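So, here's a batch of structures to check.
First chain A sits with chain B, and in the next complex the same chain sits with chain C.
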Partner chain A sequence: MTGNRALNIVLGLYVLLIFIFVFAPIVFSLVFSLNSQRFPTIPLGEFSTEWYEKILADPDIWRAALNSLIVSGCSAVLGTILGFATAYSDFRYSFRFKGPYLALILLPPTIPLIIMALAMLAWLSRLGLSGQLWSIIIAHSVLTAPFAMAIIRLRLQQMDPDLEAAAWNLGGSEWQAMRHVILPFCAPAIVSALCLTAAVSFDEFAVAWFVSGLNKTVPVAILEIVQGNIDPQVNAIGTFVFLTSMTLVILAQVFFISRQIRKTS
Partner chain B sequence: MTKRLDLYALTWRLPIILWQLVFFVGPVLFMVAISFFVVRNYRMQPAFDFVNWEKMLGRGYVWDSYWYTLFIASLSAAIAMLIAFPAAYALAFRASENLRRWAIFLLIIPFFTSYLVRTFSWYVILAETGVLNALLGYVGLGPYTMLNTHFGTVVGYLTLTLPLAVILQTVTMANIDRTLIEAARNLGCKPLATIWRVVIPLSKTGLIIAALFCFILSFGDFIAPFYLGGSQEPTLPILILDTTKSGQQWPRAAVVAIMMMLTLFAIAFTAIALAYRKPKGAR
Partner chain C sequence: MSDPLVTFRNVQKRFGDFVAVRDMTLDIQPGEFLAIMGSSGCGKTTTLRMLAGLEQPTRGEIRIAGRLMNDVKPHDRDTPLVWQSLALFPFLTARENVEFGLKMRGVDKAERKRRALEWLDRMHIGEFADRSVDTLSGGQKQRVALARSLVMEPQMLLLDEPLSALDANLVIRMQGVLTQLQKELGITFVYVTHSQSEAFAMADRVVIMSQGDIAQIGTPKDIYRAPANRFVAEFVGRNNILTGTVKEASSETTRLATPAGTFMVETPETEPQTGTKRSFVVSADLVSLSLEEPTAANRVHAKVISEEFIGSVVTLFLESGDGQEFKVQMQERQLMNYDLHAGSQVWLSWETENAHMLDGD
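Moving on, here comes the complex of A and B:
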């Protein structure tokens, strides 16, 4: 059927166009970061590492990078702990008000970030907790926990519930069963959850901007540069940001999600 | 189950409940509370006063902004769904399983990479002397003004929502029972009619949920309308931003935030009710 083949080609090109739209900003950001023009366009200017030299010499950027590292690392650990505990409670127990309990942890991403940012700013400054790095960490733990919960819950779904009971029958306490059975079984999902929550926290700017005070993270620093004017430094910072978050997301997928998709499809 | 306090179970449940109550429910409820607070001498004071509500709801520009945000977010959600559909259809029915897996794998990546930097990149691409106009210039078109227009805003929204729309639609359609489609074809249904009368009704739930997600993301985003749309017509998120950052008017910003949340609840509720409603005549 030639008509069918023609249609397949057209549809294939269409899918390609969508991928171009999705990845164009990422690719162009990388290209522009190595381009000498102050306002990048086509034809490109000369190859230049000027913007990289500029940002690497900027102590503000280094401070922001360090802040981002601390924030995304700590929120990933906190968010994953929250997510794991919820996923395990959901897997193991049925109890009254389980629905509201799950909603409590799963709802935050459905609320627009700008609203969470305002709410967090008002509440944390009321508690005297705003303007510090750990204000961002607290807020991000709430925002990232659902992602960890989803991944770890999927993994627990694949576990035979009798496995835990068998450990108890063999004389293990509940805590020992957790340590020697559940945790090892969930390990790939936990690593994957850590990477994904770190990536979410690393790129989040609205809440971080509102509650951070003077402790800028990388996205907040970008936001402030961009507010001024066009500055190709952003592309150079963007390259590092993309590399970091892509590495995290790809690691997360390699550890767990891609196996998951393979199994379910 | 004994009445004895199960320490092990509580260890996994209680700290989470407390943490989420203090750092999720707390902020949201407090935001509702401060919408009734008053600001004197640049300081917020506890009160129960409707002044912020009267001030915000009584102003034309707030409502202009409200309807504009609703309009542009719905429009962009509709565009995302329409653009995504042929691609999702191709990935669900024409692509091999392996190819589909790779496509989804790739489309997850942008979802977790900096939206801010991608928007800035669009800014440079869409500018008057930018890449797109330069390319169009080679074929004798343009230059077009794309920044600071509705078009710019929608491109920004699509950056956020299009990958998600394609993923959700693909997964939904890939899960349709193939025999039903073959049955329709065997009974003489034309390809387009099959899509319209079999594929779409069967994937209704997934499609509505996907559209809802696109809408929520666009509705709450302030980056695209600010940087690509030029915020000539400020959307509600921009209004919140301006009101919070300049002049310490947190209570008034809270009013706008609550308007947004109520609207989102109403729309999400309607969408979910529609999504799970059984079609007429179905058992």
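Moving on, here comes the complex of A and C:
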């Protein structure tokens, strides 16, 4: 078993390194957001909530946070509706070119964001829709729908296809079957999709920056602060953004992914 | 006889190039227990799904109580189905599952609850009313599924292999539950199954299907003792099938020359032509075995090949001199009187009245 042990140590180190690479910058940012010194140097200065107080007092940040909240809330709802519709069409119907149809729906996350952002800007401004808050909502709905679809599709694949027909057989119309069978069955996946799409939208920078005009979201606001000067406020905002996204992702986990694991084990 | 509840008139169902049901004409009487039996892909489930409106016939007419049903949506029919998968709603309790159909039909809450509980009690699972269906056993789920359909008080209940997921002893119990329910309610049951024992144990009439066609319709006894054709004879029970040339036919008996010997067979309704090729069956349990040459008209000398032992009943597989295979079924305690092993030589014989001629060769 000595060979195995050596392997275990190497793998353990590897995992540790991954965690360090992923979390070190975040921990760094968290630590310096609570440090009194203006420049991130070691040894650390005193513990201070100065930067948090500063961002709380900044109306620009508040506006950005509000914008982010509206954008991620609305695009989560729209993206999830779109995602549900496509997942359901995949579940319910079989038709020619279904493969390409699904591939097309799953395409947006594979396109480099900067290209997507440019394309969105060109298209929305041609339609006279750019520079508005809902321009970001439209763009983010498109961007997040595939995530919602993937989660809801996974759930629908576990559904006995007879369930829907059983609802019709018991006198339910197609709408009643949707409302009383499909939606309740998918509920955990839908909640999970709402959380995940909100998190994706909340973090997204490139598209938001291109199409937002004067309506800054939090990531755009961060960039503008960093462009001006090195300001530890960024660390404070970063920590806030990180905690928000993590909360949403963990909620998504709790509602769906952990259930899947319990089901399969 | 009263008007049939269901009529199929020249019904065909195709899925692309595949013909699931070819040309079905069938009447189902009110209050009868009809089993549709066949191997997988024979069209039995498609027939049931057409009755429930889940498939539309490609051609022909389906009427229920005189009304043309071809284009009536599933939810506008009164044809609850007990699914093979049961298709219980996993996010609901047993009672909510039973209430589902009433809810869809707009029955108010108190009335729904009352009727659901009444049916759960009737199925002896009242104590599980508020349990999630996921926590129930197979037999309990089965009862919830039945209650969910029967609470709708239909004229006809459709059942698609409902017992196929249960253990053998539970199957026997549920068969009892089903036949009793059908008698008490006096409604029509249309029961699809691949299991001969289920169909024969419960049904008043059995429809045997093969490749989209009806191979035979009759009472279990008719089908067992007098299979109409080779397919049914091979599909049902343990039959010895012999093929030969008609030598002589009277209104009573027909003499048939087969490679294994010449045998007397009961003449069917239409007298067979001399010189034509025909087949007949003798059920394996109607063949007698002896060590001495018997005096019966129909006898053949055969060699034991192997035996199959299922509980108290044994099936012997034998072969006559020309390679014709024979099966003999008997009680294990009867067989103990003979000291048989593979290779033993014995005589087989049967009464002419037990030799039944098939349609076609």
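Odds and ends about this structure:
By definition in this document, the second predicted complex is superposed on the first by the 253 of 265 C-alpha atoms of A that agree within 3 Å, B and C clash if a C-alpha of one lies under 4 Å from a C-alpha of the other, contacts with A are read in each partner's own complex, and residues count from 1 in each chain.
Going forward, a residue touches a chain if its C-beta (ideal position, glycine included) is under 8 Å from a C-beta of that chain, and two chains touch if they have at least 3 such contacts.
This is a predicted model, so every value here is computed, not measured.
When the shared chain is aligned, chain C comes close enough to touch A:Ala165, but chain B does not.
Look at A:Ala122: by the touch rule set out above, it reaches chain B but stays clear of chain C.
Counting the residues of chain A that each partner touches, chain B and chain C differ, and the larger count belongs to B.
When both complexes are overlaid on chain A, the residue A:Ala199 reaches chain B alone and has no touch with chain C.
After overlaying the two complexes on the shared chain, residue contacts for A:Val249 are found with chain B alone; chain C is out of touch. Legend: residue contacts after superposition of the two complexes on their common chain; A:Ile182 is shown touching neither chain B nor chain C. Shared contact residues of chain A with chain B and chain C: none.
Chain C makes touch with chain A in their complex at residues 52-54, 73-75, 79-81, 83-85, 87, 89-91, 100-101, 103-105, 148-149, 152. Within the complex, the chain A residues that touch chain C are 160, 162-163, 165-173, 176, 180-181, 184-185, 187. Chain contact summary for the complex, chain A toward chain B: residues 8, 11-12, 14-15, 18-19, 21-26, 28-29, 32, 39-43, 82, 85-86, 88-89, 92-93, 95, 101, 104-105, 107-108, 110-116, 118-124, 126, 138-139, 141-142, 174-175, 196, 199-200, 203, 205-206, 210, 219, 222-223, 226, 230, 234-235, 237-238, 241-242, 245-246, 248-250, 253, 257-258, 261-262, 265.
Listed in rising order, the residues of chain B touching chain A in the complex are 8-9, 12-13, 15-17, 19-21, 23-28, 30-31, 34, 83-84, 86-87, 89-91, 94, 97, 100-101, 103-110, 112-125, 127, 129-131, 134-135, 158-159, 162-163, 166, 174, 216, 219-222, 227, 237, 240-241, 244, 250, 253-254, 257, 260-261, 264, 268.
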